[in-house]
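Paired with chain B in one complex and with chain C in the other, chain A is shared by the two complexes that follow.
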Partner chain A sequence: MRVLKSLLIVLALVLVALLGAEIPGGSILFGIVIPYVALFVFVIGFVGKVLGWAKSPVPFRIPTTCGQANSLPWIKQNKLDCPSTTAGVIGRMLLEVFTFRSLFRNTKAEIVDGPKLAYGSSKYLWLFSLMFHYAFLVILLRHLRLFTNPMPAFLAALEFGDGLLQVGAPVLYQSDIVFILALSFLFLRRVIMPQVRYISLVNDYFPLFLILGIGITGILMRYFIRVDVVNIKQLTVGLATFSPVIIGQIGSIFFVHIFLVSVLLAYFPYSKLMHAGGIFLSPTRNLANNSRMVRHINPWNDPNIKPHSYAGYEDEFREFMVDAGLPVEKELEPQPEAEQAPAES
Partner chain B sequence: MLYDKVKIIPGLVVFIGLVTFPIWFNVISGKATPAPVPEKSLIAKECVEPTQFMRTSHMQLLNTWRDDIVRTGGTRKGTTANGTEYVRSLQKGCMKCHASKVKFCDTCHNYAAVKPYCWDCHIQPKEII
Partner chain C sequence: MADTKVDQMSVSVVEGPSLMTGAVPKQDDWMDVPAVFKPGNYCYPGKESIVAYIDKNLPGGLFGEPRTWEVESDDWKLPENWKEIIIQGMKDRLDKFRSFKVFMDCCVRCGACADKCHFFLGTGDPKNMPVLRAELLRSVYRNDFTKAGKILGRLAGAREMTFGVLKEWFMYFYQCTECRRCSVFCPYGIDTAEITMMARELLHLVGVNTNWILEPASNSNRTGNHLGLQPHTFKENAEFLLDDIEEVTGLRLNSLNFNRKGAEVLFVIPSADVFADPGIFTFMGYLLLFEHIGLDYTISTYSSEGGNFGSFTNNELMKKLNGKMYAEAKRLGVKWILGGECGHMWRVIHQYMDTMNGPADFLEVPKSPITGTVFENAASSKMVHISEFTADLIKHGKLKLDPSRNDHRIVTFHDSCNPARGMGLLDEPRYIIKNVCNNFHEMPENTIREQTFCCGSGTGLNTGEIMDLRMRGGLPRANAVKHVRDKHGVNMLSCVCAIDRATLLALMGYWNPGVEVCGVSELVGNALIMEGEKERDSGLRFEPLAGMEGDDNAV
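Moving on, here comes the complex of A and B:
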């Protein structure tokens, strides 16, 4: 049901773009106005979200400790999985951002004959999400060819490498295949594994279908239903130089593609996709585990409330504690009553 | 109140810089390739397929010609919808009318930043400038 709902939403979006681009002025709306609005929403939403997170104080160290913490000199510390220095944190973050190390630690739980509960390593999620993200990055960078004029030089090498197999004309990009393959896996994983299906919501399936829709329309445009690239580049470069024009035939599939991308951009900051920014602001990853070396003081402590040590507390209440029969660290000084009276006066 | 301003503000500046890359790159590079005006044929009145088809799909057409002729020994003869005969060949067909690679092929290819690998096998024609 949740799968179907997400699919229907994406299909409805496709239909909106298909029909909308046909009405007079529709090409301007879907080709120029909506992309600008979407980009604006994306940037403002992204920055706003990050600033919102930055406003939340993180007074104490809450890193996930995935290895041996810094301890006695003869106990070997796991410097990447339980870093106690900034350098260690940077190393941990770099590996997390570029190689998804926390997904690498993904495990599966199974009931085997016995019945016994068994945990095993499960690397598929890590592998396919790595494939998906890097293919997406390559595809994104490749698209700069349509938004820059002339294209930056480094992209020529990327394009050549991506089409290295020289299959067909226009050449087949390996990243397209990897992208669809990985996305299909990530979708099937949610549908086939009962535990994952149970916790999957519309906002899990919707981005999957949306991105799949973008991929499929892009692939259709490149290999099957050809569109006029020169006319499209005049529009896209126009978008980047704030002088967009729609000249000649473009093909309605292009409007579907760009509309789905616009929806993705506008949806991005308000969805789980925001993990792109959130990963950098995750206190469980970006804090050093140095609670035993540095005293972290809560910034919203009331300065009028002075620290009250246990020794001071006992000094204040020792008599009452002794009276109540509570154990004290320092006993009351045994003084004869006769001597006590003049001392107090 | 913002915490960790020293790290978050530069991070956001980098983010905005990356997202707006096409905008400022186009401003900096300045020397934009002009919108292409490929040279029209003076010899023939029609191409092998309608203009819009040729604009979008000429590479696929050339690819089918190559596969057909080089790999399965297909014919070199082609006929347009109006009955005009032509030679299915890049150099002896296409370039009979569109003689200049620079004035025809390159105009759009440079603009769209595509590098077809036609000339990996074919001998690139010498341009008369």
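Moving on, here comes the complex of A and C:
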């Protein structure tokens, strides 16, 4: 159900763009207005979200220590998985952001007769996530050619590298293949693995289909359905320089593509896609494990919370303590002559 | 013992219909599956008098209205505005804890955490997957704090706070031991321990609680320790162990003392170590060690608890209970503090104490009076772990050791969750064990160190009424021990945690009969060659040493 709902939403979006671009003024709306609005929502939303996170303090220093801590000088510290310095934290974060180090640890557990638990290596999720993210990055960078004139040299190099296999005309980009392959894997994994299917929400399928839709329309445009590249570049450079114009026919597939991209941009800050920003602010990863070395300050630490006082403790137990020979701060008061016990009843 | 026989359980965990065994729950949507309480799957609620005591000593409505209520009933006698209290409580905590805010937003439900949780592995209950455990809270967060959730509702994974949700929280946030294993694997470091802490704080606000946590916490406040031992009883219990030491070693130790001003070191232990088997043997190990090196130390009856059950309720009570350590160190005028073997105690000391109750500027940077080593890693908090202290002594050759006295033990080491993943104390205990034992074998690598499995009963779940759950939750740990028992004949599971010493004992008795449990310091105590001691023929628990088994006079 949740898969179907997500797919239908994305198909509806495709339809909206297909039809919308055909109505008078539609190309302006879908080619200029909506992309600008989406970008605006993205920037405001993204910045707002990150600022929102940053506004909440980090009251305690709670890194997850994933290796030996800095301890006695002769005990070898694991400086990357249990860093005690800023340099170590930067190293840990770089590995996390660029190589998905935590995900690389992934294992798969099975229970068999015995009962016996068996753990196997499971790097697929790591591999395909990494493939997806890097392919996405390459594709994004390649798109810079649409917004720059003249095109920077590194872009040409990147394009050449991406098309190194020299297959087909126009040359097939490997990143496109990797992108679709990885996305398909991530989708299939979500549907096939019972555990992951059970936890998956529309919030998970929708962005998958949306990104897949962007990929597919992009590929269609490049390899199968002719669009006017000159006109497109004119529009995109115009968008980048805040003087957009639409001249001539572009082809509706382009409007579908750019509309889906716009939806993705606007959706991004309000969705799980914000993990892209969240990773940098995650207190279990971005803090040094030095909380006994350097005092961490909690801005809302309440000085009024005090322990049950020693004086109160001794007052309650003084007699026992004296009897047991435990030192006390205040000696027992000399017992007044035992008063006449009240008449027993 | 657990209610279910082990044979039956062995089959049930493998074949029972669960997400672990491949059976997919009938309901498509987990939100439609209600939490049903039955005897054995929940902890008893806090007694009215206990909640009232805590509320009086830590005012502010943090523990709700003291009352008597039944978990299985549909009337939990909640305050009328309980939903508002929860939502406002969430808002306050989102503003106070960045971890909470970020973790509510950035999960992508990749599922890497799913089969990392010992409770999921043992129960196969989908809601024990860390991701889904967090979703229980996240769904309400979306509903009340995100635009998408407010507009799209369930389509965006949002749902309203209802009594059913509250029941779910009480069930599943008390099937999490805050062990942090999932957070090791999470690509964003989402730590379910943080989420469980928040959820438990929220539950406490409306008076939904467990007695097994609140009673020790209230005892700790009043008498200084979880067990409620009053000062004279605490002293007697500890001194009683001197008799046992004398019987084993022929030596009467003179160094044990209490509440002594001017001592160099204040020694704080989990109180179970003076009271419960096998913690008492660990305690005997500490005492032998201190006697051996002539340490100038004292133990406080006022601060006689290292553990902190407050940390299983909310940060306020954690702070209040922890405050005794520095207060007592100051009163006694010691130079620094040494801490015994306890897991969550060290999570609190390592990651919270200095922040909450520091700065401890009245103490000195800890320096071992025997080796001269300055513990730079504790330069601010001024508190050193007994394993760090002992490892340093061994490294400097300050201990006379006869590891063959542990030859009757084939030892493995269980990394306790908190020292492993909340501190990074991994190699110190291993170094000690390798120097005091001749037979040491590691469990499989994805069950030790930062990937260690919880005993299944941490965070105040070590209570008798949920034995089945505990045995299920502890299965992954027990299974790894079984592996080395079968392969290497391991008969001793060592650890540096008081809750472990109690709970692993039950766990081994259930899954791996024949494997005993000890603290690392017990092994040290066995191996220490004391000046003037008699020839030992038994270990600290009066068990015959290797080669002495036939000696009838051993006891």
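Rule of thumb we're sticking to: the second predicted complex is superposed on the first by the 299 of 345 C-alpha atoms of A that agree within 3 Å, B and C clash if a C-alpha of one lies under 4 Å from a C-alpha of the other, contacts with A are read in each partner's own complex, and residues count from 1 in each chain.
The definition used in the following text is that a residue touches a chain if its C-beta (ideal position, glycine included) is under 8 Å from a C-beta of that chain, and two chains touch if they have at least 3 such contacts.
Not measured: the values here are computed from a predicted model.
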item: Partners on chain A (chain B, chain C) - clash or fit; value: fit
item: First (chain B), second (chain C), both or neither touched by A:Asp113; value: second
item: Residues of chain A touched, compared between chain B and chain C (which is higher); value: C
item: Partner chain(s) touched by A:Ala157 [first = chain B, second = chain C, both, neither]; value: neither
item: First (chain B), second (chain C), both or neither touched by A:Pro57; value: both
item: Partner chain(s) touched by A:Gly168 [first = chain B, second = chain C, both, neither]; value: first
item: Which of chain B and chain C A:Gly278 touches, first, second, both or neither; value: second
item: Contacts of A:Asp204 with chain B and chain C, given as first, second, both or neither; value: second
item: Partner chain(s) touched by A:Lys306 [first = chain B, second = chain C, both, neither]; value: second
item: Least Cα gap, in Å, left between chain B and chain C after the two complexes are fitted on chain A; value: 10
item: Shared contact residues on chain A - chain B and chain C; value: 54-58, 277, 281
item: Interfacial residue positions of chain C with respect to chain A in the complex; value: 10, 13-14, 19-22, 24-25, 28, 30, 57-58, 94-103, 105-112, 114-116, 121, 126, 129, 131-132, 135, 146-148, 155-157, 180, 183-191, 194, 221-224, 230-232, 235-236, 258-261, 301-302, 315-316, 319-324, 327-328, 331, 349-352, 354-356, 358-359, 373, 375-381, 383, 388, 391-392, 395, 420-428, 431, 444, 446-447, 449-451, 475-476, 479-480
item: Residues of chain B defined as touching chain A within the complex; value: 1-5, 8, 11-12, 15-16, 19, 21-23, 25-27, 29, 31-33, 35-36, 52, 55-57, 59-60, 62-63, 108, 110-117
item: In the complex with chain C, residue positions of chain A that touch it; value: 1, 5, 49, 52-62, 64-72, 74-76, 78, 81-82, 84, 96, 100, 102-103, 105-109, 111-117, 119, 125, 129, 193-204, 270-272, 274-275, 277-279, 281-285, 289-298, 300-302, 305-310, 313-314, 316-317, 320-321, 323-327
item: In the complex, chain A residues that touch chain B; value: 39, 42-43, 46-47, 50-51, 54-58, 144-152, 155-156, 159-160, 166, 168-171, 226-230, 233-234, 237, 240-242, 249, 251, 277, 280-281
